[in-house]
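Look for subunit A in each of the two complexes below; its partner is subunit B in the first and subunit C in the second.
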Partner chain A sequence: MFGNFDFEIIERTWPYLFYVGMAFTIKLTIVAMLGGIMAGTLLAMGRLSHLRVISILAGGYVNLIRSVPLVLVIFWFYFLVPYIGAWLIGSHEPIKVGDYTSALVTFILFEAAYYCEIMRAGIQSVSRGQVYAAYALGMNYWQMMGQVVLPQAFRNMIPLLLTQTIVLFQDVSLVYVLSLTDFVGAADKVAHRDGRLTEMYLFVALVYFVICFTLSTIVKRLQMRVAIVR
Partner chain B sequence: MIELKNVSKWYGSFQVLDDCSTSVQRGEVVVVCGPSGSGKSTLIKTVNGLEPFQKGEIWVDGISVGAKGTDLPRLRARVGMVFQHFELFPHLSVSQNLNLGQIKVLGRSREEATQKGLLYLDRVGLAAHRDKFPGELSGGQQQRVAIARALAMDPIAMLFDEPTSALDPEMINEVLDVMVQLAREGMTMMVVTHEMGFAKKVAHRVVFMDKGVIVEDCEKEEFFGAPRSERAHAFLSKILTH
Partner chain C sequence: MNYHWNWRIFWEDAPDGVSSYFDTLLVGLYWTLATALCAWILALLLGSLVGTLRTTPRPKVVWLGNAYVELFRNIPLLVQMFLWFFVLPELLPPSLGSWLKALPNASFFTAVVCLGFFTSARVAEQTRAGIEALPKGQRLAGTALGLSLPQTYRYVLLPQAFRILLPPLTSEFLNIFKNSAVALVINLPELTSATHTMAENSYAVFEAFSAATLIYAVINVIIVNLMRWVEYRIRVPGLISTSAPGGH
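Right, the complex of A and B next:
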């Protein structure tokens, strides 16, 4: 069955696949994860806020983003970000946003909605008594959150945050719609050039499987270890 | 020092506090007791504004707790509080627990905070445990750390919300000993507790609550000698039979 297959293409092109394609995928994943967790944490605090306007706005945003496909959001932001940017700085012309920046903003804003729900569960996993204790020491809201609640929430949620990041790692392949060259995009290019689509796609699938499976296994191990001793 | 005037509080349509008035003078120890669900924990949490109330006034050292413009964090920093479930911060070591409020709220330097913290840890007999995490300590030890954490803020008064009711019996005394010592040093204390031995030993006054109402508010001798209300009689006879 593999008689006509020629896996030599991988041997020839792997530096390009990994140093260009995979490097881009990993970079976008990490930056989007950091930005997404930060934005998601703020959104979670917003959703749990006693100020109704804030909690309704944050909730609306999260529910909207979570109910549309990522590809659609990528298109939206790709076409909208130049205009929003122009509006923000008061310019009449749409500003020039590179494809990479556009993709990055999109992923941060999109993943923030998912990280938000994880952080919300994390914040709610910290007992009310901890909040009382922080306030009783004279802390204000931001100190209470920053010093007492978020460190515990974050720690409780590390496994879920990482699981979401694995999903993000896979989702990054959707940047092909913006003609950016991630791992899949790089593989796709050389595969078309050399007419070796099947071999290349098999290889790409294998790489994704190995990375994601390894990470999931690590997350599972971590899950048992991070639980805080009370 | 602490004065409550006609305080009422509702959860929805359910009234948890009904026209409660009492006071704690400087250097006075007031024990608040009563059956569970009588509103005593809620009452003590209104004193430093952890629980809002809808009617009445609460004054702490001349500052109105319920007033709109009151800087609650600043007021709370001056009133120590100890909780039923200790509420040490589990992600921080014992000495970090003692430092946090001192550094972030009072603006003390790390050295000063650590020194002060160690002083109070030593007072509760736990200086040797300063690098441990709360999860590594027994309940009684955790509660003593919690008391030290509150004292390190140099409070003008201390609030205790059932400090011994989550403890195993053999650990109750080590916590009560610290509290007795504190009371004898003249600390202003408001203590919600079922420990009538503690009340007899150091309390000046006893407040008895039932169903959100302050039923008795009198000198200790009077309360244990001849309480006027039937409900206080019934409560005491249940609690003091053993």
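Right, the complex of A and C next:
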């Protein structure tokens, strides 16, 4: 079946695939994860806020983002970010934004909606008594959240946050629609240059499978350990 | 922001000369609905089957079911689209491969099969969780009544499991509409792809994307309400506590 396949192409191109493509994918995943968890936590605090306006705005944002496809959001921000940038610095013309920055902003804002739902469940998993105790000690809202509730919420939600990050790692492949050189983009460019689509796509699938399967197995173990402690 | 909105753009002629941009989006919506609904039927059938097999007392069958789920969950959907579209015809015998490539609407069938299998792995995971959430006594009681294993599933476990399963299945049903947008990479003219085409041809970028966002949001609202109605219709009073508000 694989008789006339040329798997040596991988041997010839792997520095490009990994040092350029995979490096981009991992960098985008990690930065978007950190940004997404921070923005998501703020959104979750907003959704749970007693101030009606804030909770409605945060809830509306999260529900809107969660009801549209990521590909559409990528297109949205690709065109929108230059205008937002111009608005931020008070310029009259849309500013030029690099593809990487545009993709990064997209992923942070998109994944924030999903991390928000996880963090909301996390905050709600901390018992009310903790909140009352913190206020009784004279803490204000930010001290209560930062020193009492959020550290516990994070610990409870680590497995879910990591699972969402594995999803994010796979979602990064969608920057393909902007012709960026992530892992899939790099493989795709080599595949089209050398006319070796079959070998390259099979290899890409294998690499993703090995990485994601390993990570999800580790997360599963972690989840069991966390469950026993609780 | 000095962007000039032009909402009348939807009634202007698209470059194909016969229809307006509004029609362009409608055709996109048609393909999105067709792809998502066909793929959903496939996903539901395959997913329930695999999910059920993963709860049987046969280790080998369970292992195969687990392998199936892991295979489809750990490869990005985009890469799976490429595999079905570009790679599968090459791995098949030449005559079958070229027949596949020459199929009219090849990207539609590929998208349906790809999305169907991809989502079936998620449905299988939910189905397994739903069956395992039932009290062990249900299975034992079925066996004690002299039912065979298939009968226990058919009359005791599955009818209860599917009622628990409805909320997670609703969210998978919503996901399949969103995921169908990925099929634009194999040139399926679905809604996101049609929107992008309109944006490029008309330069009315934000009008086009706003319209698409609105359409996806409406699909979302319709499905959520539809599934709520289904949940209400098939509930068995007193069997499973409805998700009452309050408590932790």
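Heads up, the rule we're going with is that the second predicted complex is superposed on the first by the 226 of 230 C-alpha atoms of A that agree within 3 Å, B and C clash if a C-alpha of one lies under 4 Å from a C-alpha of the other, contacts with A are read in each partner's own complex, and residues count from 1 in each chain.
We adopt the following convention: a contact is a pair of C-beta atoms (placed from the backbone, for glycine too) under 8 Å apart; a residue touches a chain by one contact, two chains touch by 3 or more.
Since the model is a prediction, treat every value here as computed from it, not as a measurement.
Chemist: Would subunit B and subunit C fit next to each other on subunit A once aligned, or clash?
Modeler: Aligned through their shared chain, the two binders fit side by side on subunit A.
Chemist: Identify which of subunit B and subunit C touches the larger number of residues of subunit A.
Modeler: Greater contact footprint in residues on subunit A: C.
Chemist: Of the two partner chains, subunit B (first) and subunit C (second), which one does A:S55 touch, if any: first, second, both, or neither?
Modeler: neither
Chemist: Figure out whether A:Q223 sits in contact with subunit B (first) or subunit C (second), or with both, or with neither.
Modeler: A:Q223: touches no partner chain.
Chemist: Examine A:L80 and indicate which partner it touches, taking first as subunit B and second as subunit C; both and neither are also allowed.
Modeler: The answer is second: A:L80 touches subunit C but not subunit B.
Chemist: Name the contact category of A:T163: first (subunit B only), second (subunit C only), both, or neither.
Modeler: Neither subunit B nor subunit C is touched by A:T163.
Chemist: One more residue to check, A:A133. First (subunit B), second (subunit C), both or neither?
Modeler: First partner only, subunit B.
Chemist: For A:V148, is the partner it touches subunit B (first), subunit C (second), both, or none of the two (neither)?
Modeler: Touch partner of A:V148: subunit B, not subunit C.
Chemist: Subunit B and subunit C, closest CA-CA distance after overlay, in Å?
Modeler: Minimum C-alpha separation, subunit B to subunit C: 14 Å.
Chemist: Under the contact rule defined above, give the subunit A residues that sit at the interface with subunit B and also at the interface with subunit C.
Modeler: Comparing the two interfaces on subunit A, one with subunit B and one with subunit C, the shared residues are 127.
Chemist: Would you mind writing out the residues of subunit A in touch with subunit C in their complex?
Modeler: 1, 64, 67-72, 75-76, 79-80, 83, 86-87, 92, 124-125, 127, 170-171, 173-174, 176-177, 184, 197-198, 201-202, 204-205, 208-209, 212-213, 216
Chemist: Taking the complex as given, what residues does subunit C use to touch subunit A?
Modeler: 1-3, 70-71, 73-80, 82-83, 86-87, 90-91, 174, 177-182, 184-185, 192, 195-196, 199, 205-206, 209, 212-213, 216-217, 219-220, 248
Chemist: Quick check on the complex: what are the subunit B residues that touch subunit A?
Modeler: Those in contact with subunit A are residues 45, 48, 50, 72-81, 83, 85, 87-91, 100-101, 104-106, 133-136, 149-150, 153.
Chemist: Applying the document's contact rule, which stretches of subunit A touch subunit B when the two form their complex?
Modeler: Where subunit A meets subunit B, its residues are 127, 129-130, 132-140, 143, 147-148, 151-152, 155, 228-230.
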